[in-house]
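Chain nomenclature is as follows: A, B and C, assigned in order of appearance, with residue numbering initiated at 1 for each chain independently.
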């Protein structure tokens, strides 16, 4: 008995640990293979340089944001102010860029601001003893209000960089390099330092982590700060895409992040099975559908439905009873 | 129990996957049919390709008409087409993304119904021919507009606005309507100025014109408040009618899609007695539902100004000429064309529109864009056609309510 | 008295490759209290969970009151007279005690589809009183009550007039001492006065020996012995049962054998005039090399003392001092060399979805850090060293903790602090829900800690282990220390109990 037990347990356990990851990698590989085979039949190719560039520009903002958001989601938290943060950062970068003629001051202001927002989002939960989604709702509304006031004062719905050349941010190579660097840095922080390890532990069991000497307040705020910096990087590319920001920039991005992370096999309640790669895999899966579905002749209005159905399938396949709780 | 749940879950996933596979397959096959039907133009020396229509609506009479028009004319002229949906808030990045994702190697032309990110789209796809529809494209034609660079791009052929591009003209038209109707107390509501700056101009023009009229008039007209009540993309608040200044209105001028944003609160205010039962609504745009259609001309909505959807012909002509390499010889510079209003001011005109026009039903056999019109204005058929003539046609009564009598 | 009520013949049950039951046959008679004892995984719970409809056997047959018995659900079994009180919590949160007691039987109190809550509450109160439970009120929301009290509510729900066979599955570990007394009274009344059958599943030898009329011992899914009341009363019964359960001689040594209460002079942990919650002005000094035991009923305040010493309670007055430093939160406690093993192992001591290694190294991460980075090889080395030292049964440190048995889980929570090298260990119910074999090794470990000069604060609801291990025992009641006992060979449980109740 002991013998048979020993042999089969590791396999089962491997699946328990990595099942969601395997399923999501499988999904991405399936999409890549499917589009590689089907698109040439219709005289297109997903591997053409133009399409790869499109894919890169479609995926970059979501991927950069989601990688950062892994730190928040692994805590079992949900931040719905992300979209408005991106909107505000992009607006500041364009506005300050036009004032000063350089993007650097705007980016620095955004970095400072992101830390402030991270502290508000991360610290108010434990300090005031409320679930963390509440402060993020408040932050979202405040940012949304600021953005509305800014644009109605300016008397326009969008502002554009005038003198600064932003074409460099359209380069797929730069996008890839920045994404690779961000993934490398965050993966290091997530897997080989205390912040990441503690984030997962706090997500899995706050009480037990606390009794093992993990400060909820300190590390939650750190996680939000790391995420916030990633959001600023994402905002640079969001802004650099068209050199502009509008009152609707970023709207709904937090939902894109959630969809990307779940497609990537991130447990919705956070904890030990959280992975940085979930963000990348999920964001690419979603974008490859964005780019690929029209290429196999699916009308644009259908793509939303198809993506929703695929999302549902993934959720049904990867969800487990115990982990069915929603993040807070 | 647990087992059962698992089975249901897997079964549901399987069913979804099946439905998905089927829908993708059918999606493919219909699209296949479309493209094979289109490519074989009658003329041997015509150029084909795909035209994208970036729409800012996804339902309603205008959408239905646009689809019907594209169905008919892309096939007639040997093109295919696809509708893509612009960002719901006209965000530059969103629009660019929509175009990028739909881009295939055979796309030759783009009709845009909103202007965000236009300069980026045209930088990204310099070969693409672009033309605007139902939009005054202020960002292109104002000096410091975000897309001002596009105005001089030789691949951009201007735009036809949804009605007057100039707010002053709109204001004068509406002031005259008020004076002619004999109203004595009116209110103005409008969509926010940051999205529609021309409406703020129109609002002020109405007030100036009425003030000028009052100097000589026997019974002066009162326009309540100092400026229009702003509707932030949502219906007028019911409390509007409780304010003392808003009692006993003869009419409300809606500088917006008034059937959507003003009609519902107004009709319920009339029903509940908070508003004068004879209050009329003068507004823009047209909704397709039968009760709203029945109301126009006799009920609350006394006058409706509808930019004629058929002006999409402007886009088709400019794109086709360019794609075939035969642009009007006298065309030099892109511009904004005023849209011609279909002015519905009576029940009779409304039934004309209902029965004799394609505007509510997308029936292209009732269209004013007949084969003769195409023969006359498309350079592929008539090499002598000029932009001057075409422009005159686009601005003529051929597109007004008179066309459907 | 000897009438057979239930029979199991040749029952098999496997979970994947694990054989839970292999060809088990057992016969239950009316009026007996049948003990089922065995280590975790021996199959003792499985037999009765099949009998009560919770799961299905792979093969074999059951005969209940002379007819074949194959219940589909636990409700069906309960209606037919076989009720089971489960190990895990099974109350419905957010409703009243009465609604919990009469869950599924609301129709008895309803007219025209409307449930008469007042009537239901009155009936529930009568029922609670009948069971001797005075402190739970039927009209209260169940959430007002703690885990132990909820268990009592479950018992009331399970046992009805129709109940022929009551299965008590490891319930006592989840009960307070008062709760246990209520349960013991109940099973004796049912068996002796009402001629019902009780199946008492446990691995607590003391209570089995005290209450059962006949005992069946299981090991690895098979019955390995059956003891009558006379055999249980034999002087070597404990050794014999242990031998049967473990399958090998575990030796006589179980608790500490020395009675040397000496310790170093140096103070390891000092609680000065603590006032918080219901505790008033509590002081205690623990020296290096000293094992201080805390005993009492579960609501006596001893668990709170343990939490306070680790900085988990917000103090109104007083201070906790360790290594010259004031302890205000767990982080400071850990830095000062204190380790804490919570009695709620699965909720507070361990992160179940994490691996053994991740759990063990968690408190040690700050010291493993080199620069910013923590090298995986350092983590492996530390974890493997502890896995070896504590003989944690697993195929690797990567195995998830929730796949381990209770005893091995508890070893992991010990390993966290031995890996950290803590000098003061606060352990709250360290052997709750743990097999004899593991218990024995834990006691050896605690003894070793004393020898190394570590201070141990041992909070336990099991008097026998306090007597067996502690240098001095503080007995608490109503949030005060009522009596202090020094370690002595003459100390008996009966001497202590009177100060507890």
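Observations on the structure shown:
One rule holds in what follows: a residue touches a chain if its C-beta (ideal position, glycine included) is under 8 Å from a C-beta of that chain, and two chains touch if they have at least 3 such contacts.
As the structure is a computational prediction, the values presented were derived from the model and not from experiment.
The pair with more inter-chain C-beta contacts, choosing from A-B and A-C, is A-B. Ranked by separation of Cα centres from chain B, the top chain is C. If you average the Cα atoms of chain B and of chain C, the two centres end up 73 Å apart.
One inter-chain figure worth recording: chain A and chain B are separated by 36 Å, centre to centre, where each centre is the mean of the chain's CA atoms. If you average the Cα atoms of chain A and of chain C, the two centres end up 44 Å apart. In chain A, there is no position where the chain touches two or more neighbouring chains simultaneously. Chain contact summary for the complex, chain A toward chain C: residues 1, 4-10, 12-13, 16-17, 188, 192-194, 197-198, 200-201, 204-205, 207-215, 271-273. Within the complex, the chain C residues that touch chain A are 16-19, 220, 310, 312, 329-331, 333-335, 340, 342, 347-355, 358, 362-363, 365-366, 369, 372-376, 395, 399-400, 403, 416. Across the complex, chain A is touched by residues 2, 5, 9-10, 12-13, 16-17, 19-20, 23-24, 27-28, 31-32, 35, 58, 82-85, 87-94, 96-98, 100-106, 116-117, 120, 139, 146, 192-195, 197 of chain B. In the complex of the two chains, the chain A residues touching chain B come out as 43-44, 50, 54, 57-58, 151-152, 154-160, 238, 241-244, 246-249, 251, 290-291, 293-302, 305-306, 309-310, 312-313, 316-317, 319, 321.
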